[in-house]
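If you scroll down you'll find the structure; I have some questions about it.
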Amino acid sequence: MGKYVIRRLLQMIPVIIGVTFIIYVSVYALGDPTVGRCGERPCPPGYIAKFRADYNLDKPLIVQYLLYMGNLLQGDLGTNFFGNQVVDELASRWPTTLRLGLMALVIETVIGISAGVVAGIRRGKFVDNLVTVSTLFLISIPIFVIGSTAQLIFGVRLGWFPVTSTQGTTYQLILPAFVLASASLAYIARLMRANLSENLRADYVRTAKAKGLSNSRTVGVHTLRNSLIPVVTYIGIDIGALMGGAIVTERIFNINGIGNFLYRSIRLKDGTSVVGTIVCLVLIYLLVNLLVDILYGFLDPRISND
Amino acid sequence: MTDTTSSDSVIAVTIDPTGGPEGPVSAPEKREKARSLGSDAWQELRHRPMFWISATLIVLFVVMAAFPQLFTSKDPYYGDLNRAREAPSPDAWFGMDSQGYDVYTRTVYGARASIMVGIFATVFTLVFGSLVGIISGYRGGWVDSLASRIGEIFLGIPLLLGGILFIYSFPPSLDEPLVVSVAKIALVLGIFGWPSIARLMRSSVLQVKPNDYVQAARALGASPGRIISSHILPNSLASVIVVSTINLGAYISIEATLSFLGIGLQPPAISWGIQISEASTIGLIRAAPYLLLFPSVFLSAAVLAFIMLGDVVRDALDPRLR
Amino acid sequence: MTSSLGAGGAHTVEILDSRGAWKPLDGLLLEVDQLQVEFRTRDGVAEAINGVSFDLHSGETLAILGESGSGKSVTAQAIMGILDSPPAFITGGEVRYCGRNIFTLPDEQRRRVRGPEISMVFQDALSALNPVFPVGWQIAEMFRKHRGLNKSDSLAQAVRLMQRVQIPGAAQRVKAYPHQFSGGMRQRIMIAMAIALDPAVLIADEPTTALDVTVQAQIMKLLADLQEERQMGLILITHDLGVVADVADRIAVMYAGRIVEQSDVFEIYARPAHPYTKGLLESIPRLDQKGKVLAAIGGLPPSLTRIPPGCPFNPRCNYAQDVCRVDPPPPLREVVYHRLAACHFSELVLEHSPELQVTQTVDDVQAALEYGPEPTLISQHDRIADAGPGPGVLP
């Protein structure tokens, strides 16, 4: 088991380097980092020269990158257009987004797994078809459509939830959390259903029946454990989708979180903030994936006990 | 005496959802012929209503993208400010938006951007991903390791974040033709999409290459190109088709999301994402919800059609569901 | 009934007596009576089992032999009650265990028969064992669920069983997972799980097909030992004639969902009474046939959705006459004392056995002179086909 963990950690390092390098290069080296800093017009040459000196853009690319990484490791993501530390901006908005994300995670896990199990057990029946069709719709309809429509129906028309969630209280986050969780919920339900029905046809289920075990035990204990494992892995990948979805959801419901911050930084062409936020998010994503991989090793004995 | 031909499936795949040369075969005949995976799949697909629904929708949208004039005679760029925010009427089926444009016309023209992005991005990932996958599967060694690591890196950036990042760095500008903007976005999506196709092709190569019949073919002088086209491509065709179809739907969805966030295509380009973005300010939602509704329905239907098709084809090709 | 195992443990194990309800009469454990099973699929109704009947006594080994699709596994699963329904439906017949029809038992009671009384071992132990639970846990599950033992007691029982089936280092490996064992070891684990509650009947569905030949022999010996020790009735399902010869007392040969021949092992090998059995035996390659063409039964088994009328074997049979192609199929009848066969021409088949030199017609004598003292098998095929029915065969 220890070997497995170390192997995954080592595999992660080149990926982190590669990812941060690509992010850095695409913003600073390939694009024009001074764009938008001087209003609508291109910046004067003197400004550009100073800018390049300040941001080490005159040095060779590798050195630039290393300097940037050095700062990063010290927790310095740079100063943005408005003179604020990017790190501070992120830190102040972090709790709201975290709350939104966790709520979405709980919703999608509970509802997704339950729906998937029910559909998997009663394959071919009405419940199964209902789940299949509804999840198909949830996956297909883009999240901003779901969000805008939900805002219209539940916020404006029915008035059950506030139309915007500027204060970020938990009640205000309920509707956005459901919106954020919608697509992932659908994926989890489908994954669970597919796994469960596949496992129900596995040979070891026949053996369990031949042992005289009850139906509930065969499904609840033997197949469920096998079926849950890929779902756990999926949740790791899902964090990335949740991050992207958070940008849209926070924009629609006007939530003061990291997603909204990223959105506004993009509109204002605040390069430092954009890069800083994305680097931060991607690193978190990679870390979560690593943790999920390790967890997977614990759950599936075929992986860890090799 | 009956002959002893094997009735197992041959892996010759000729999937032609629109009804290819194999066509429907009558029932007793079907049982005697060796059933290829393709004709099996076609038999399955014919009976599923989801297949026909999604295929019809796709054809509809493709035609709409190519020949929007068939669906509307109006000019999408002609705006009459006096009629701004008009409700739907027999003259303007979906109403008018804030600048007096006819919503129905703009929605119809909006199909073009979405379908183009979807097709370009899918073609790019297919070509590039397959190349990388086949080469890394064939060569193995450091080429394979390098390609896998690079693929992992691109997979390590969530699609939307990556899209935002690259588009931010290379924004479509206002004075370039639609095709170029679309190509830019498609390229960005493709950069993050190719690893999944590459993986599929690579594993297909790894599955097929060690087989004896491949060794035999090589001994007989078959070039790698021939081996690839006769053995590896058919083996992987099923999964590649399913994944690409579903990805196409996802690309349309993401392009619209980028446009919604104001990052992707910019006005005066017409895109469903832009329409929905303009329609979803709080004031407008209250006053004129139809501005939101119609483009949303079209967009959702387009994405749904592709994802549904991919789903249905996957179920039909899955030998375990027989 | 308490069970004291001499081999592995020195202590006597008290097993809660549920056998009280089930007592075999005169050692007759299992009676399968005219079993009918059909599979309803989109391509039609497949008649998988068409009137199968046999008995099983204590301490007896019955081998069920047949090709793929003959219905042997379906029979076993029908007895166990683990067929997936739909698409399988038991449309007729009874299975009596210790005299009681177990098909009519309510679910709850049926489950208490399945496992503790009649248990089954499957072919591929890697897929038949749950990959995410330790083997000891899976064996112990029998004790936890059927006997109400607690975790540590049931685990101790599991270790004892693993020792009995000769898994080295059982106490340490009880927490290991199935994929960490070799094929032969895994099969032993399955056997341990099956005999855990001392069942009266053990059904082994191709237990050695997936194993190497040397491991095969070990597993078969283990099964034989266990059976001897516990006086279990053993039903051995296989397609391998070689495996059967050593272990079985009686053989039932199945074809297209019917038993076509049933008799003592030795008798069948010496003198088959059905053309199908004859064909099977003749298709075994023999050293003294080196250089000659290998005999095989031409054609394929019928699709179970369209079984030919009359005798299902008639398209491939060298003895087939018009009567064979007409309904009803020949009944399973006693052709010789204690030997059952389902063929209109069993007597002729008996006489045409390679071991017996009795020839029926002048042609046969001539052929024997032409081809030498040991007629080749191919020429026999041809002669039978050319010669037509011998005297005394036509009704």
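Miscellaneous remarks
Chains: A, B and C, in written order; residue numbering restarts at 1 for each.
In this section, a contact is a pair of C-beta atoms (placed from the backbone, for glycine too) under 8 Å apart; a residue touches a chain by one contact, two chains touch by 3 or more.
Worth saying up front: this structure is predicted, and the values here are computed from it rather than measured.
Per-pair counts of C-beta contacts peak for the chains A-B. On a Cα centroid basis, the chain most remote from subunit A in this structure is C. The distance from the centre of subunit A to the centre of subunit C, each centre being the mean of the chain's C-alpha atoms, comes to 55 Å. Spacing of subunit B relative to subunit C, judged by their CA centroids, is 52 angstrom. Between the CA-based centres of subunit A and subunit B the separation comes to 23 Å, rounded to the whole angstrom.
Every residue of subunit B that touches subunit A in the complex is listed here, in rising order: 149-150, 152-154, 156-161, 164-166, 168-170, 249, 253, 256-257, 260-263, 273, 276-277, 279-280, 282, 285-286, 289, 292, 296, 299-300, 303-304, 307-308, 311, 320.
Contact residues of subunit A toward subunit B in the complex are 11, 14-15, 18-19, 22-23, 26-27, 30-31, 136-137, 139-145, 148-149, 151-152, 156, 163-164, 198, 201, 240-241, 243-245, 247-248, 251-252, 262-263, 266-267, 271, 274, 278, 281-282, 285-286, 289. On the side of subunit C, the complex with subunit A involves touching residues 77, 80, 82, 111-116, 119-120, 122, 124, 127-134, 141-142, 145-146, 176-177, 179-180, 190, 193. Residues 202-204, 206-214, 217, 222, 225-226, 229, 299-302, 305 of subunit A touch subunit C in their complex.
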